[in-house]
């Protein structure tokens, strides 16, 4: 399908927010190395990687209306694809490509199975969850040295240690140091954000949202929802793959726990906390939750799980629509120009419609 | 799923620096050398999740070692400050905290890691960021890396004693059950090796991921194979279910069992004597070892942490020894600088651990250790035999860091 | 003789034992306006669903310009040039009026053309004033209009309307009637309705359903005069 | 021959176990369309209830079959009042909330009991099938599973509560017409589901051990079984448990536990693909 922007005078306002976000991102990108040391950078690098992961979930769920309980399957596939690729090739550039392509291919197969099989939403949740657990079990049981792909032992529960770090494309000896990795991760986050903003502005993106709003109507207008959902799902998988690749690079290590229920649930929480139906929300959510977790671990008064549990529950009861809409709301109140107002409402109502 | 939720709970808990700091402060206050800049020592252990049950006493042993050293006046006139993080049985947190200890806290040495998985996850990080690392767990052997010292015993020191005993007393047909990760796989190989050397026959080897809780089919399979002996290398909280279900199925009466891991996770206290009685194991230390060092170690620990400690095991004595070996190295080197300490430790330093004299083998960075064979009897370990100064022969066979200091890998035994 | 625009041949639909539609035949020419009437449960809505591909008939075929579309996916049927307005308003609540109609106009058309159609259609249906409102925030009547607008924006050759007048005020009903006559100048329509007044306003040929069968098919006045139709209707409408 | 008997017995135990861990979740999901992610932790509470009561010298049977469900049922009641009732009709929010709840409970129990696994002695011995031995406790699991399913069925079928519950499931107003406020129904239903989870936890405590994280070992399997079973709680749970349990045990025995687990999950996926509404969504729609 040809991607063309539909007439949307309102978009300018949307772009305003997007541009602000990108600029903010760039400031962080270049500012961070000045204000923090190696460890700080490693820390924010993993935050950025997880934020990309959250972005993917936020896209397919908040805009595509696909509730995937197993997004971590794609994170994991991306991570493993990178690790295996990097250990078999001298130049990691190819491995990065694998990290994106493998999840997308897998998603295409799974998505076809689900969407063309007319499987209802709740059950799409179950199937994705189940598939993730299957992957976890399989990878988890590859400990024997018989399990290896080329030079890369799968390592079962132990995972794959000392994965080669990213290198400058075409120059295998020039490997990225923590700072380089940070630029890479944060850069990728910004690019993914821009990419998704653009996709949503295209005709394709509008139809995706339309289908979420009313599948029957979209169908009666001649659009095939199955196809659009499939494409959305595949895009999400590719972005999750990028996240997985960066996640692996961050620790130079990957293990089956990336396929865990934890990871999938974690990303759902990011999106809900950040705000469903926004792109900035999942990013904020990911960083906020990760930061909260750090705090929880840092204090010794109350068990971190207990603390986090209480926070989550309080959150559902008090801020159900997520932080991003709330922030936008207050922005709206501060500067009452309609141009800012409408997108905010749009996103709130999208959030609510879930 | 419990494995995965360990990490779910894991990701919820970062930077849990408990005990260490809290404990260290009073000494600093008490001691004259309070003024001196403390030496920071890092510790990474699972306080919770499937491995928390082993990690907690290991931390306590480490804290006890720090206390002992500080009470003796610290090292180089400086107090020791322990910084420890709870890794929650999560690989991500191991990575994260390893980076934190190496780069942010800039500790002089890191003690810890329980599963081989965690060790392999953090070893590269410490290599990369030039941090000295002690791994204090009874493990599968073969790690050969100049930046790491392993104070736990290895198959050549334990399995080599378990298997012959089993073959001699129970019979030649062996069935192996092991945890499905590299510890289990490599240990199973050693079990097979020693069984064959002893003229026995391995009927079958089954591996179980750490999150398996239902062992009924496994027990049926074992019954079908009808071995004389079951050798177990099961790991973690979930696998305790195996022993429960084994006893519940009335198998204890039929087939005796020996294990290379049983007893490392407070099994004797957490399970009924009817479940544990008669299981044979071999380690570098038992609380029932009849030696003055054992008594003083136990007294010290009880004095510091109160009477309701879990039953201590080799993991805990090794954690204590790990800290002590490092301290010995620092004293000898007169510095906490990494290379200096490594060189000092490579002079074949000995310490008096809970199990008596233990010597660091320069070639392998493993420990020449007294080991013991014991049988569980009414929630106590009844020592059957002891083997003074068993060498880490398995690792020694493949690894010589004096000849090739550049080696940085884990060797795996080939059984054919 | 030329191929009819829409043709249904011996269409039968059974749910379990019950036959909701029984052996129905219907032929519709280009630019024809046809009303399907009948009391509730007469099977006209089921038949409508069969025409739109939402249901696959137990027996019989539906042809669009001679092409078999029996039980094809709704989007396939739509692409052939069939515009459908369902009974309950099916609109994109989360989008603005303009966006919603844009989605309809946008398929397989150039950007300029799409924009043009959107503006024209909103003009025709007097929606320009609320072009940037969220559809979800509009009144029921307005949302009906928005849906009709998006159907028109597809520029279909055949338009199927299921009870377009439902829940509309009298004025709105009048407007709808005018609109339908307007549309019928260029496009064919099938209108399912049970409101007799409305039928009178727009009616040309009328097909009356009863108990899943076609009772009669004739010019509107003849049909309304028919005693059979009367007692079916009044009989049913009594309660 | 004996072997077949032994494996057959294992299959029954496997089925019983799945049914036991699933039914509580099924009640809450089937009647309220709420996915209770704290289900596993409810089981964990039941296990601890059993552990604590037995260690205070209470007879283990009473502890498992009475105290555990009662206690957890009460907890469920409180949870519904303080949390769930604000979230009806907001499926995803409920998931987030129960997720938070599960973390909270894990944290709470960890800070009370620590995280080392506790044990409850198995109250019965073993018996032999030919020259093979099997745990008599398996029989207990099978019996309890059967009883709880049968009890649930009887209650839904014959009691007034059951009638009202079914009505509420169809449509809340109808229940209101019967003179019962839906909130009361939801409250008691949630409590019932929690109680069943508690029972499961109590019964499984002796063989699985008791620790704060034990619950998570079950939640995914239970979740999949419930949705695989479809709308009808009793029939659905029974059928899905039977199918999955059978596959799981047989394959585990023939190969490894991992492959057994995978086989179960694959079966679930395939089944959902064939019967998108779950077993009872397609067949036996009228069943309970």
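Read from first to last, the chains carry the letters A, B, C and D; within each, the first residue is number 1.
Operating definition for what follows: contacts are C-beta pairs under 8 Å (C-beta built on N, C-alpha and C of every residue); 3 or more make two chains touch, one makes a residue touch a chain.
These numbers come from a predicted model, not from an experiment.
In terms of the stated touch criterion, the partners common to chain C and chain D are A, listed by label.
Chain centres were defined as the mean of their Cα atoms; on that basis the chain farthest from chain C turns out to be B.
Once the centre of each chain is set as its mean CA position, chain A and chain C turn out to be 43 Å apart. Note on chain placement: the centre of chain B and the centre of chain C lie 76 Å apart, centres being C-alpha means.
Averaging Cα coordinates per chain places chain A and chain D 33 Å apart.
In this assembly, the C-alpha centroid of chain B lies 37 Å from the C-alpha centroid of chain D.
Residues of chain D in contact with at least two other chains: 103, 106, 110, 216, 219-220, 256, 258. Contacts with at least two other chains are made by residues 1, 4-5, 8-9, 12, 180, 207, 209, 211 of chain B.
Touching of two or more other chains is recorded for residues 133, 137, 140-141, 261, 265, 304-305, 308 of chain A. Contacts between chains, counted with the stated touch criterion, involve the pairs A-B, A-C, A-D, B-D. Contacts from chain B toward chain D in the complex involve residues 1-2, 4-6, 8-9, 12, 47-50, 52-53, 56, 180, 206-209, 211-218, 220-221, 223-224, 237-238, 240-241, 244-245, 247-251, 254, 265-266, 270-272, 274-275, 310.
Contacts from chain A toward chain C in the complex involve residues 4-10, 203, 206-207, 209-210, 212-214, 216-225, 342, 345-346, 349-350, 353.
Every residue of chain D that touches chain A in the complex is listed here, in rising order: 37, 83, 86-87, 90, 92-93, 95-97, 99-108, 110-111, 216, 219-220, 223-224, 227-228, 256, 258, 261-262, 265-266, 268-269, 272-273, 276-277. Here chain C touches chain A in the complex through residues 52, 73-75, 78-79, 83-84, 86, 90-96, 98-100, 102-104, 106-107, 111, 114-115, 118, 132, 134, 136, 147, 150-151, 154, going by the rule given at the top. Partner chain D is touched in their complex by these residues of chain A: 67, 113, 117-120, 122-123, 126-127, 129-131, 133-134, 137-138, 140-141, 261, 265, 268-269, 272, 276, 302-313, 315-317, 320, 354.
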